[in-house]
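Each of the next two complexes has chain A plus one more chain, namely chain B in the first and chain C in the second.
Let's turn to the complex of A and B:
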């Protein structure tokens, strides 16, 4: 029973890691770039939602407030790509890594200046309430997190597999020059994907915030989400989600049954083991580079 | 333009192009050595700090600048160096033994980690080093008997042959010690770069395929570079421990890793000089901010009320450099120098960056 309880909480936490990881994978799948500011985008989205929803701030109803935050964050993501990231178009991958790390710090500073560094709570209509199923207590926020994550993953998968835009994004990442030649507006596409990733980050942020207080440093969660994305194999949407869930489940179990300190290390140990044994993740799309 | 008449083949690979360039370096070292007589204790401590950062920057430069491998976790090696050095000295070993051992420990650890790590390509390696950093940070907390855990550890003052090198009591001596170590490492580094090993680092950075074709063992070269880099960073960590005096795991946070990246990127990737330029910038900006704070305070503007301002300013500087001057401060210096030596023949496009179209490494 205890294990089941831990398992469900772990899956819900893992879904949040998975959602942040989905943000990475979106950008990586479409632009071959890695956005190290994804965790901070999540944080910023959560704070935007808080600014719109909380009664002390603007006091909008919950759903419209969150949607508005997602839209604004989508704009922020689009703007970041349009103004800064596009300048690095065609430059080595690593400069984008450093650039996005710096961007993350800027986002954290902006959020801290506007909303302060003390933890605050997002007012949601569902947090704090729970459901009892045969001895296992499940919080509403856990159920909503799992449901929303599932739906979002399906939507994003459909976006990449079915829509014109998604196919164009895949084409642009597989071979940029060829995509240009067949008329894909690669740069604009990249900006749109960044916007989309910002919106996904906002939803992850809201789900995270409904489980507890938030402060500008929660963006560091992005590192764990990275581990999730790597375990799943960068570039695979279901892989990212499953990687996130794996981490989310292992963490509380390790905290409960293993000596202290192991739990904090566990995501990274799993990741290193995966990197060493299956360098391309569990859901590999990469084959060895041939010379 | 100066031309050098070469009378032996050795001149081709000499460290310095001519006596003039050798004299300039010597002059620089002399100026640095005379610094304790010219400035007060506060600025001398800052100078020592800058030198330590430059040493750590050189450590990362070997890896990022000269071998082209990214690392987001070099604070881990700083921590290993600092803790090894402090723990060995607390166990009664003299500095002259514990300090090289600290570098060795970090280097061996780096090389062992590198063997699986360097098989990964860019992004994966960056993430793996990040994970490595988190693991080392947790290990520091777990290994409480050695590291003092959350409480921290005290780095004893250095004494060599009866002369004190304490950071507070004999600051000038400490400064000279740091300077001597930095000069020695810089000299070794510069020589490394003209040896076959150093050349193979550059070859691996510029083209893995052609390096392999020329018979270089790419994995071994990368692992060696990783180990050397970790070792030098470990040395810097040992000195940093003595500089801080009393530290715990928080002294080597993820922000230190980022700051180190900032040092090499802003200074200029691929130049030893870049590490020094970057270190000067990273230690000078907080000072300038403090001066600015006092100055603006007189005008009724209080910027100390904004927490995290210096991190934000660092980040903005970093973004500016990546977007507008990826070659860093030293690269800019070289461009200005080229403009004047070639005057009036310099053209705008001489330093144009190459753009490449991205192709995925997935689904090939």
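Let's turn to the complex of A and C:
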């Protein structure tokens, strides 16, 4: 029973890691770049939602408030690419790494300036309520997190597999010159993907915030999400999600049954084991592409 | 009115005048070739037409429309397709997917329709697939349809690139050294395809090529360039006999000294 309890909580937490990891994968799939500010974009999205929803601030109804936050953060993501990242066009990958790390600092500072550094709680209509199923208590926020993550992953998968824009993004990531000559506006597309990634980060942030208080440093969770994305194979959306869930589940189990300290190390231990045994990740696209 | 009009085109990279005052027109239904020694600026002319480069001066007009100020992704919808000297394909996709990407600008369904895979989407997809299948049949790529580009031999990848260009459904196709690196048989096949593109598909072909056999066989007119400047224009035979062209390829004592 206890294991089951830990498992469900772990899956829900893992979904949040997974969603942030999805943000990594989105940008990587489309632009071959890694956005190390992904965790901070999640944090910023959560604070935007808090600013729109909480009674002390704008006090909008929950759903419209969250949607508005996702849209605004989408715009912020688009703008970051349009104004900042695009300047690095043609530069070595590493400059993007440094740039996005710096971007994370900036977002943290801005959030701290606007909303302060003391932990605050997002007012949701469902937090704190729970369901009891045969001795296992499941929080509403966990159920919602799992459902929303599932739907969002499906939508993103369909976006890449089915839509004109998603296919164009995949094409552009494989060969930009070729994408241009078939009529893909590569740079604008990259900005759109950054926007999408900002919106997904916001949803992740709201789900995270519905489980507890937030402060401008919660974005550091992005490092765990990065590990999740690596475990999943970095180019794979379902891989990122499952990598996140794996970490989310192992953490509380390790905390409960293994010596102290192991739990905090566990995401990175899993990442190392995966990198050593299956260097392309558990759901590697490269392997699938070998014919 | 000519299909493509290039007027006093020039691009300078710093002090290097890669293209310097090239003018020519390509008539509808014509096969027009550009020849010249390596580094003459032939591919640069293509990259200017494709809008990868912004010309230092000059105008490019297609179908009466000035395209000099357009962005690179706005060229395909006008009906200009191209291949690259060094093959630019989507390497981790199949031949079929590469050709289907050529239909990108023809897709009319939106986001939501795509995700829901509505009948309209299916209908449109079938039409695109049919278009692509015609190209596959034309270039005899049936055998490679589901193969990943990364594993294909050079000659096949070259053909796939022509296939993707044709899938765009262009009026004008720019072929950048379509025969380079190909065997004699393969390059003869390319010659047949070019003939067919013109005759059966009504395409206009602008080609950069070193293989004078191919150039002579398919071209209506030939432009020779060297050091970014036009040397001679006319039929393949006329251009090959031109003293300036001979000098550019073989060098003259005076030029060697210079």
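Methods note: the second predicted complex is superposed on the first by the 286 of 291 C-alpha atoms of A that agree within 3 Å, B and C clash if a C-alpha of one lies under 4 Å from a C-alpha of the other, contacts with A are read in each partner's own complex, and residues count from 1 in each chain.
Criterion: a residue touches a chain if its C-beta (ideal position, glycine included) is under 8 Å from a C-beta of that chain, and two chains touch if they have at least 3 such contacts.
In this text the structure is predicted, and so the values were computed from the model without any measurement.
By the touch criterion defined above, A:162 reaches chain C but does not reach chain B.
By the document's definition of touching, of the two partners only chain C reaches A:185; chain B does not. Once chain A of one complex is fitted onto chain A of the other, the partner contacts of A:174 extend to both chain B and chain C.
Residues 174-175, 177, 180, 285, 289, 291 of chain A lie at the contact with chain B in one complex and at the contact with chain C in the other. Those residues of chain C that touch chain A in the complex are listed here as 50, 52, 71-77, 81-82, 84, 88-93, 101-102, 104-105, 107, 109, 111, 114-115, 117, 147-148, 150-151, 164, 168. Remark: chain A residues 155, 158-159, 162-165, 167-168, 170-171, 174-175, 177-186, 285, 289, 291 touch chain C in the complex.
Those residues of chain A lying in contact with chain B across their complex are 31-32, 34, 84, 87-91, 93-95, 97-99, 101-103, 105-106, 108-109, 112-113, 117, 173-177, 180, 220, 223, 226-227, 230, 234-235, 260-261, 264-265, 267-269, 271-272, 275-276, 279, 285-287, 289-291.
Taken together, the chain B residues at the contact with chain A in this complex read 70, 72, 116-117, 119-124, 126-128, 130-132, 134-135, 138-139, 141-142, 209, 212, 254, 258, 261, 265, 306-309, 311-312, 314-316, 318-319, 322-323, 326, 353, 355-364.
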